[in-house]
Amino acid sequence: MVEFSSWDILRNLLLAARWTVALSLIAFVGGGLVGLALLVARLTPSVALQRFVSGYVQLFQGTPLLMQLFLAYFGIALFGINTSPWTAAAVALTLYTSAFLAEIWRGCVASIPKGQWEAAQSLALNFGEQLRHVVLPQALKIAIPPTVGFLVQVVKGTALASVIGFIEITKAGTMITNATFKPFVVYSFVALLYFALCYPVSLYARGLERRMNASHR
Amino acid sequence: MRITFDFLAILAQWPMLLKGVAWTLGLTAISAVIGVVVGVACAWARSDGPTWLRWVVGVYVELIRNTPFIVQLFFIFFGLPAAGFRLSPEAASVIAMVVNLGAYATEIIRAGLEATPRGQIEAALSLALNRMQIFLRVVLPPALRKVWPSLVSQIIIVMLGSAVCGQISTEELSYAANLIQSRNFRAFEAFIIATAIYLALSIALRRLLNWAGARFLF
Amino acid sequence: MRPIVEITALRKSYRANEVLKGIDLKVQKGEVIAIIGKSGSGKSTLLRCINGLEVFQEGALSVDGQALRHDSPTSMRELRQRVGMIFQNFNLFPHLSVGRNVMLAPTLVKKKVKGEAEAQTRKLLERVGLAEKFDAMPDQLSGGQQQRVAIARALAMEPGVLLCDEITSALDPELVGEVLRVVESLAEEGMTLLMVTHEMSFARKVSDRLIFMHQGLVHEMGPPAELFANPQTPELKQFLSSLTD
Amino acid sequence: QTALDDILKSKEIKIAIPTDFPPYGFVGTDLKPQGLDIEMANYIAAKLGVKVELLPVTTANRIPYLQTKKADLVISTLGKNPDREKVIDFTAAYSPFFIAVFAPKSITVKGPADLAGKSISVTRGSVDDMELTKVAPPATELRRFEDNNATVSAYMAGQVQTLATSAQVAGAMMAKNPAMGTEFKFVLKDSPNFIGVGKGEDKLRQKVNDIIAEAKKSGDLDKMAVKWLGRPTGELPN
Amino acid sequence: MRPIVEITALRKSYRANEVLKGIDLKVQKGEVIAIIGKSGSGKSTLLRCINGLEVFQEGALSVDGQALRHDSPTSMRELRQRVGMIFQNFNLFPHLSVGRNVMLAPTLVKKKVKGEAEAQTRKLLERVGLAEKFDAMPDQLSGGQQQRVAIARALAMEPGVLLCDEITSALDPELVGEVLRVVESLAEEGMTLLMVTHEMSFARKVSDRLIFMHQGLVHEMGPPAELFANPQTPELKQFLSSLTD
């Protein structure tokens, strides 16, 4: 049998952390773009679009990410479209992230007083201009802290990408445990690594929030 | 497509699925109740408690919020025995869920507490209420009402997260689906059905909690 | 002369609650109209209908001879270029400086070039007594100053009609005067004004016509001096007496 | 029906292998998979004269890999039963697999009947699980875990009293944890491993069967078994 | 007679900003005192000090002969049972019905049994003209009604002194009257009242003594008729003239 030193464990987990980071970035960028589109669709007066968005959000917030990943990877292939793990992970994580971001951002937009919309409307701005010049700039400012905070959830969510063959931190941890029979040590390192990745992001989000609240007073 | 779906092969195992649903709901119910209580207590400690307690609660909240649930679960089940705590898988699952929800609930409820208008506290003070009375009777109820939707969302996230509890042999819904599919290899059918059940559960749970919150809590 | 605002049999409900129950009103160019009435009588709703912020169910409304059509965004935008509105709580855009608040609509909607819009803005800010605040942010201003910026912002679109909905209600008493003086100067220069107000002495001094609304209807209407001195209906009598209480 | 042609045309075969099942499939310090199943995968690819792409899979997703053609073969300690045969096809067996029950010396377990009232961990959905479910008395506290790793970890953490798993896995575990005093109790089943092939891919199945038969004859299969399991394959069903 | 409130050389700062610069004031039982003054002159701060909501740095303050001691929560609670306070924005507890708002403190603090507290509450609500609102929620009430509930809530503790801080400033003009009528009836019944107000005609009518605060000091004090008719200091003159502007 192979012998793992602590350094071997840590080194392998660190290498696997690259995938965690890469997957998180993909999820975040993809989810951000789709989330923005969903947000705009949700804000338009079209009832059909609003229904679609709320159904979408309900679907992806109401089912385990694990199942979403699985069905994206294998489900798409069932229709004869061959997907690489990267595409599948990108698709599934984007769907998942966008649903949450769209909700977060909708909350931010909703917190802009109605009077702002009305003032913009009474100045004859059209819907796009109201959104672009009046509402979004204000919403963006309050949206940044919760958005950065959600990044932490995304990082943790990538732990589940192992079902479609990604060897990220958690999967690497499991594999190493199998070879070492030292779950306690390995999972300590795994937890530590996630904490090291997530905590600075959390702190940053909190700092942003504090700064924003301070500037509001 | 070269495979044919056979959903009946899964649905035929309905007693197993039903048992899974019961476990999922049971775990969620217990951990929601205790988790929210933990959240209230910790939120109070964080905004009103002594400095050392604030610090302890702060560390707890940060540790939990910045590590994945599955790692926490493995720690409690595989790691704690080394320290002399031996827990059944079900107990370990509940504890992991409570600990996890408690940390998030702390932050959510704290936000609600902080949003309390100063005037509410002053009005209560000028009516000669003491600190505990003010917290429990004046500050907490509106704060809970304000953050109830976020709490409900978090409870649902925890319910969906409980899908990994099957990995330590707690017989919840995803465990049932996995067990069925590992016997007959009908993975798609099993996961699609499980996903649909999860969706139904989260919609129903959100309705129920929103209704119950409005009806009983406030 | 064709009235600049013409309202015929206007009815508006929020669900089952009918708020405007058939309003008829003609406003001539240059007229100054003050609207008074109890809370909930529909004053704000009427102004918001004229500006197209609310959709009404029955009746017709035209500004400058153009009928209001809710289904056409273009015609709505044209309407709003003719009708400016000022709100109780200012609704300045907090992320834009005073100057950019005023310039936003002219550059976007009227496609004014920057230099031209800026020159206009400086002139308007001077007119409302805030020439030196061009680069200030709204939250650095007092309420009265903010409201004067809001007036300048509405004027920048060169509207034919200006709607004012209790524009001094959110102000500390000592700041009311500075806003009213600006409105008075607008009235003197011939701007068509429709204003909801609780400042009776101001309404009496400035307006050409006073409208008393009650339960969604124009209950009494006429020259202010007459209405104050000699109210015809018991409702107006009671309303006026409640004020001097 | 085209899998074999596709493989030969693209000069590449995709094979799903385990990484949580020493000594059949596990990782070295470089996280590269190794073990009997991996060697078998390489062996088949070499005989076909194509390159191999190894796909690490879990118990839960190995069959979907095959069904969606993401993998051509599954070599992952796969046991055969009639239910499973409805969904995929199996080749001849390529390696032995003894499932046994283990426990510390202090606990007396002579046969299935002695399991009554005791807790036992097993990997969910494995052949071990199915066999144990059949023979264990109702009073047994059966604990089914997600993967082999969790099964063994639960036993080592003391969360269960006894353990049902492959003899080889237990061997590795006992070597690492002599302090627990674990010993072999009784054999549950001799359940050899098969290679999974997509349903109806008869040409590929035939080809793999030929390779296995040849390997049996040439002694390559025994050599592999001796290297990883410490003993020859013994009788294997076709 | 011993004054019910006695304030001596009271000084209070927010950091470097001294807000009260030495207040001396004796209030007799049954006296009605109106406090007026410009924004920022320290009127609210003074009331809040009397109720113990603010900690002051120098001077002494006693109610009913008991000195205020910030370090003892029990004695603070006793003080507050003697001194009721009503706020500008009502501060009703939004999650409790009107009845339970009023009953909360008597049951928790005075340990009244439910039946007794309820009977008292119904009587108080009748007194402020809201007998039928026992089960209504605060947000279903108008501002004037909410403020009257707040008065009932304060009265439920049977305080010796009632502090009112601009209790009609957040109300629509037509709702001011109903609140003032309740306060007036309290004054007539002999309640000791200290009220900060902008309603000059009301202050003149109801109060026994008028206090004009200016820059953290009691600048002028006396019978209201006298002060209004014949202000002694230029500051009060200016203040009064700014109001009739």
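Annotations for the structure displayed:
For clarity, chains are labelled A, B, C, D and E in written order, and residue numbers in each chain start from 1.
Quick note on the criterion: a residue touches a chain if its C-beta (ideal position, glycine included) is under 8 Å from a C-beta of that chain, and two chains touch if they have at least 3 such contacts.
Note that the structure is predicted; figures quoted are calculated from it, not measured.
Using the contact threshold fixed earlier, the set of chains in contact with both subunit A and subunit E is B, C. Counting C-beta pairs in contact across A-C and across A-B gives the higher total for A-B.
Separation between the centroids of subunit A and subunit B, computed from CA atoms only, is 20 Å. Averaged Cα coordinates give subunit A a centre that lies 36 Å from the centre of subunit D. Subunit C and subunit D, compared by their mean Cα positions, are separated by 80 Å.
In subunit A, 70, 74, 78, 183 are the positions where the chain touches two or more neighbouring chains simultaneously. Shown for subunit D are the residues in touch with two or more other chains, namely 60-61, 64, 67, 147, 153, 157. In subunit C, no residue touches two or more other chains. Chain pairs that touch, as defined above: A-B, A-C, A-D, B-D, B-E, C-E. Residue ranges of subunit D in contact with subunit A, taken from their complex: 19-23, 26-31, 55-58, 60-61, 64-65, 67-70, 147-149, 152-153, 156-157, 172-173, 175-177. Those residues of subunit C whose C-beta lies close enough to touch subunit E in the complex are 38-39, 172-174, 177, 198, 239, 242-243, 245. Partner subunit A is touched in their complex by these residues of subunit C: 51-53, 73, 77-78, 80-81, 83-85, 87, 89, 91-95, 104-105, 108-109, 150, 153-154, 157. Looking at the complex, you find that subunit A touches subunit B at residues 58-59, 61-68, 70-71, 74-75, 78-80, 152, 156, 159, 170, 173, 183-184, 187-188, 190-191, 194-195, 198-199, 202.
Interface of subunit B with subunit E (complex): residues 117, 119-120, 122-131, 133, 137-138, 141-142, 145, 218.
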